[in-house]
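Consider the two complexes below, in which subunit A is the common component and subunit B and subunit C are the respective partners.
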Partner chain A sequence: MSRKVWLGVAMLATGVTLLVAAGFAAGATSGVKTAHSKTGLAMNLDMSNSDFDYLDPALAYLNVSWQMRYLTDCKLLNYPDKPAPQGTVLQPEAADFPVISKGGTVYTFTIKSNAGGCKFNTGEAVTAQSFADAINRDLNPAMQSPAVQFLSDVVGANDVAAGKGTTASGVVANGNKLTITLTKPAADFLGRITMPFFAAIPHGMPINSKGETSFASAGPYYLKNWTQGRSAEFDINPNYKGTRPRNVSRFNITIGTDQNQAFLQVKSGQIDDDLAGPPPAEKAGLLSAGLLKKQFFVSPLASTTYVALNTSRPLFGNVKARQAVNFAVDRHAMLAQFGVLAGVRDDQFMAPAVPGYKNANIYPTKAPNLTKAKSLYTGGGNATIYIRNRGYQVAQGQILQYNLQQIGIQSTVQPFTAGVFYTKAGTKGEPFDAAIGGWGWDYPDPYDFLNVFFDGNNIHDTNNNNLSYFNDPSINKQLEKAASLTGDTRYAAYGNLDITIAKNYAPMANLYHPTFADFLAPRMDPSCYVFMPIYGVQDLATECFK
Partner chain B sequence: MSTTERPEFVPAGAGLAATIAHETHGDLGELGGPETAVVRARGYWEQVWIRFRRDKVAITGGIFIIMLVFCAFVGAPIAAHFLGHGPNEQFFYGGVDQKTFLPVGPWTWFTAPAGSHQLFILGSSDTTGRDEFLRLLYGARVSLEIACIATIVGMIIGVTLGATAGYFGGWIDTIISRLTELVMAFPLLLFAIALGSTIGPRLNSVTLGFLGNGVLSLVVVISVFSWFYPARIIRAQVLSLREKEFVEAARMVGASDLRIIKSHLLPHLVAPIIVYSTLVFAQNILFEAGLSYLGVGVQLPTASWGNLLASAPNFYLTQPWLMLWPGLIVLLTTLAFNLLGDGLRDAFDPRSSR
Partner chain C sequence: MTRYIIRRILWAGVLLIGVTVVTFVIFFLTPTDPAKLVAGKAARPIDIARARHYLGMDKPVPYQYAKFLGRLTGVRWDRHHNTVWNIKFKWPSLGQSFATRQDVNAIVGHAAPVTASLVFGGAIVWMLIALPLGILSALRPRSMLDRITMIFVLIGISAHPVWIGLIFSFIFGYKLGLTPITGYCNAINPVTSCGGPVQWAYHMILPWFTFALLFAALYARMIRANVTEALNEDYVRTARAKGAPEWQVMRSHVLRNALLPVVTMLGMDISVGLGGAVFTESVYSLPGLGHTLVQSLDGPDLPIMIGIVVFATTCIILINLMVDLLYAVIDPRIRLA
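Take a look at the complex of A and B:
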């Protein structure tokens, strides 16, 4: 053969060899398994269509952000790495259960000698001051932390939040004792103080309303780096000596991936999990393939998805218009966008798992009642709808837009990433009329639904969770009264308020209580899968490999 | 001069003598006999048409485009009328499988909650229960509107700047050429996305009474980035044309620069303008589909091929045909315009071997 032909053959052979090598290499990385090894490997994750809102303990509030905070936090008390019901029962972590005195207003925590095994990855020790610093940092008005609403009954907290001082007089760290004094007894205080907002922080952590992206942690893992919108890495904390599981050596997270692409990557084993879960369209296929509880997991959430109707703007400042929306919205179609096994339709705000829940069937949940809706409101109008930009949420925006059109309200839909959505919708004065949002309980108490959603006294300039900006003085009083009650009386009061607010004020159109779906790679051991019921997420600390 | 009606035609290849004979009605020279074949002189456009119609591929492209325009602007409302629903109406309870919550497949009949019988010819476009077939047709309208208006605006800008640069030369040519190169150097897609994300929301609701939501914003964005190639082509053409004798003659009789460009140069530029318009049109169809796919184009519920393609990947493992229909129609439309443009280019070129 001529030299030219030989050259061509040689190049072709080289190219084919490279392709074959690449194919083997891809195969090699996708299914790495160390024989007889269940732990100690790195777990590769995608986080599709989203990013953490913050990882700063004072600001992080998305469930996926709390999923990572649960890996890195050391708290006074904590929830164990177990499924429900054990997973909902508080246990001591850095401190023993507090001594409660003075009629239930003084909580004295004694930090254990080794702080329950907690120590910052930098070597700094966890002390009572670490927790006091966290509380005071949350209260600092410059932080604009959503934690403030959960501290309103701590003595001196409101003064710090108003800028009159830097430390709350009711929060005292003295040696290994942390004493917190409340203005009145609160049955849910232990649940509140266990929220990630109040985890131990290193001494001198800066005040930064944009959130710190690099800081020490005292839990089983620590945040090694986070490039927003790109990637995050969590490594084992070498100084942690506690009892929480640490089967995975490192979590490598690729942020902002495409959910459909991530699903294929998980299926082929190239990555181990997508924190966004499988695409809704794929759930039916996973179910029919018999993968439920093998690679595909579905867990009920104490959460709710709703349409917040902005009562501070003219259109939905009208209660008849809000009630009309509750009759017009197609809850069945909304839930179906999330695929099969997606949840339970409901017109009330509290999830059925929340103590005090009473089903009242106020609005239609099987199909909309347009006749009733049109009889309530015929004023027309134009609405701006904010939604999150995941595929199924875009479809939900389309359905809401169509439902509003059917009762004469024209609308435009604006999608945002989850973090941006909550930042914008949570900013007072933002020009939206409706927002499709979601909420999961922070701790198992109805306060964490109704007071968070509807107490007008908690409305700030930013970081609001009361996205309907509902502020009715009589309801505010009733909510505060219910919060001061304990036991069955408390739950009964909240159950009645849930119904009253939905029926008579309708600041939101509740849609459904969703489930949490997860799809793991073939190399993940299903027996290690734990669903953390309080935060409504997969417990990454317990994951292990086949 | 004889008053008899003189024949219009000179025999092909007859030569100078025969031409004089014809012009003088036989006074000077002999006219050709009846056995001599006469060939009608053909005009420029007639010759273009003859060359064009020999190109069967280009003809096919042209027919496809005509049919597409007919389907989009005439067929779509007729189809909506006969099917009994519009492209944006949602039929969740019939257009979505109530067991799997996935869009129904092609040729699905169902009864809507109001009692009417409905047919989805190509199935549902997504999980809201909208008709894929109608959304393809109405999407064609939107995509063609955007591509057409953006092409016209882009060509007007390109021809104006190119002709100005080529005719005047000097510092005017330098400035315009550098401006063209500057715009060409921009990362096109990124800049279009940035522009669409900023001005897009403000222009989305401007419909001028007949456009869909988001059409005007895309027209603006695409026009800004589709004028530079035509500008360069026209500049090159004008650079050669301005040296021709007829331009010099026009200058000598006192024609203004504007008149020369308008009346003497532009007619010679018609061919490249037409050819490049079709090619730019095809490019703009793809551009619109790409921008809508990325979410900065036409906003839902208004249908466009791009946003149909954007929602299809959610179902590509379960219903791959949802990607097939809009992808195929974009492919065929772009191909048709490219083939038409190639055919026109060959037809306008007298040195073409076809």
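Take a look at the complex of A and C:
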């Protein structure tokens, strides 16, 4: 009897100790102070299922990394902290718009006297050399920067990338002037040079192939610390005197959280936002609770999800078969797998946010038209479909399989992890007939959609993004011609090509353009929410509190 | 004993090499191109080739494996102009991540303590639950407590840790607000504003119970069976007949014999737990080895995968060796050959 009592007391004591500790700890962490002012508080964020790949400007490439780079960068030109369409229009930041000369091959930027208010948090000034250093650092082969591909037409860039020299001869900083010379005119150059790779860097920033994790920034905020896989902190740059908003005093980010758990944390107010957005399954509940535009925001992305039809293989080498698929595929069902408000169905490849987009209603987007599909193609056949193996993508593969079956094409579906999927589908000669893939732009120009998808001159042995292996000489010429145009003429040419390719060649069956969803904690002021259309992320600089 | 230990260590080396070979082969059989991670999604062929050379992926697979073994043993070797061998000795390294270029030593070094705190803390919790439940059930067979214990065992064995974790975090974390819903704080050297032993324990309460539930159920049942069997032994009847108090009979005769198999099982299950921890780590966003391994599969990122496999294999081998040695100490009948 006494032994049993002793055991019981011991367990009771253990339980009480834990509860007391929990109580103290709960007191220490809970109770976020209610804000009476809109600004000056720290924002607590989760980053679910992900981490920054890098925050080093030469290496950062993921959307979430560019989201933070947009907070910390000072660039020659930049996009304003406004939603579309104003948010897609470049405006001067550290420099005025460049003078373009010599047939569109020479760009001369004049850095403003105060560099647009930009100054490094260490006190160092932003100069033309700050940007020249960034470009040359990106080109340095020791950095292995993915920015190299976007500088291939800068004079001397390829030499630096090959290890012959440390500075590109076509990049010259002289006083407050930065001159960049291209090998040929490029109408998309301003879009490319505004990518985060080319933001101002402090003098002497080390060459480090692993990426610097602590460095000065000249934008509204700077990276205070980053422990990879664990946490990051961004603080206000006290030396920044520009016009960009800075309502939040600090961003505390917990990295690698679970999206479902983070959703509960936002709901309970333990954190303010999850950078990954709410889980797809929760969106319907948020919508029916009337939280749209109050705590729940949905914004269109400049990206697309499609079924690539491999034109290099017999089955879909037949244009009628491809057009039949476009009539047979159930875009509504495909999108439904992605969740409520998950995207906009579209039969064209360019997203509506892409300049030049024109909606032509070529194929049905609400429901398949099997009658039309069968009238186009009755040849039957067997198809191999490649998909990625995430939950909703598996369902999409099954839907496509069903749709093909309805027009007499039998198929097998093969799922792969994302890395394997893109490697296999991007290898020329790979034995697949259809692949469900996705794409998002790197910079706001239709070149980054149509030329990437359909220019047959860019087909290599591996690492292809033209997953339909479409190679039509006349289309190749038209794409190259469009790439040489500028302004509205350029966008109109691309808009027409988007329709022509979809209607007459149908190398892909476009499904939908995804949206980005965000769910904020109750203390966040919804009127401050801005979606940054260029990078497809929430603009954290504009956030404020109720 | 010394010969036994030496033999076990040599076999451990053979096992490690076997495991790394299998992992290497599986990775290279998987059609993937890590160079694309480095060069970017729209890279030109020349950029991909440059990235492949930087990663050393342009060399034959056996060469890459030999390089890996060299790094692992601290021997860095290279050949200049195919003539001169250049050999250096450095600290053993598991390589560099393809995706982020971080040292895998550092990645594993940061993740391992998290997994260790989950597994060892969970082991303590499951023993704290299983021991009293198992013993009391054995002492009171077919009582209400015994029946409740068996129901608990059934639930613990049947319910998946992910489901248990989600239910726990929803009820205790979200609805009742008693614990954090998710997250991890370092006990020492905190990297966030949340840190220290109290915060660490506070964030680990639910993960420990989630992780422990399955094992607690199994162990409660095993302890119950062992204690019941020991209670029926002749030496227990003799001890009671000689007038020994019940607590002494339990401590010196029953438990000492009944818990011998538990010691063996504990070592093995801690090793198994290293693999099962991935579920709990995923639910509670614990940045441990399992969570890191799952994230590396997306790339896939071979150096991290192989680094974690090597580390986990080494831990399992060491733990099993310690269990075997401990068993020999506890049970004088055991002689290590």
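Quick notes on this one:
Just so it is clear, the second predicted complex is superposed on the first by the 316 of 546 C-alpha atoms of A that agree within 3 Å, B and C clash if a C-alpha of one lies under 4 Å from a C-alpha of the other, contacts with A are read in each partner's own complex, and residues count from 1 in each chain.
One rule holds in what follows: a residue touches a chain if its C-beta (ideal position, glycine included) is under 8 Å from a C-beta of that chain, and two chains touch if they have at least 3 such contacts.
Treat the numbers as computed from the prediction; the structure is a model and nothing was measured.
Of the two partner chains, neither subunit B nor subunit C is touched by A:Asn496.
Subunit A has more of its residues touched by C than by the other of subunit B and subunit C. Of the two partner chains placed by the overlay, only subunit B lies in contact with A:Tyr402; subunit C stays clear of it. Judged by the touch definition given at the top, the superposed model places A:Gly339 against subunit B, while subunit C stays out of reach.
In the superposed model, A:Asn318 lies in contact with neither subunit B nor subunit C. When the two complexes are overlaid on their common chain A, residue A:Gln149 makes contact with subunit C while staying clear of subunit B.
In the superposed model, A:Arg230 lies in contact with subunit C only, and not with subunit B. When both complexes are overlaid on chain A, the residue A:Asn260 reaches subunit B and subunit C alike. In the superposition on chain A, A:Pro279 contacts subunit B only, with no contact to subunit C. Under the contact criterion defined above, the residues of subunit A that touch both subunit B in one complex and subunit C in the other are 258, 260. Every residue of subunit A that touches subunit B in the complex is listed here, in rising order: 258, 260, 279-282, 284-285, 330, 332-333, 336-337, 339-340, 342, 367, 389, 391-392, 394-395, 397-399, 401-402, 412-415. Across the complex, subunit C is touched by residues 3-4, 7, 11, 14, 18-19, 21-22, 24-26, 28-30, 48, 51, 53-54, 61, 141, 144, 146, 148-149, 152, 161, 209-211, 227-231, 252, 254-258, 260-262, 264-265, 267-268, 270, 417-420, 422-424, 427, 442, 452, 460-463, 465 of subunit A. Those residues of subunit B that touch subunit A in the complex are listed here as 88, 90, 92-93, 96, 99-102, 113, 126-129, 201, 204-205, 213, 295, 299-301, 311, 313-318. Those residues of subunit C lying in contact with subunit A across their complex are 30-33, 36-45, 47-48, 50-51, 54, 96, 99-103, 107, 110-111, 128, 132, 136, 166, 169-170, 173-174, 177-183, 191-194, 198-199, 201-202, 205, 246-247, 250, 282-285, 287, 291-292, 295, 297-300.
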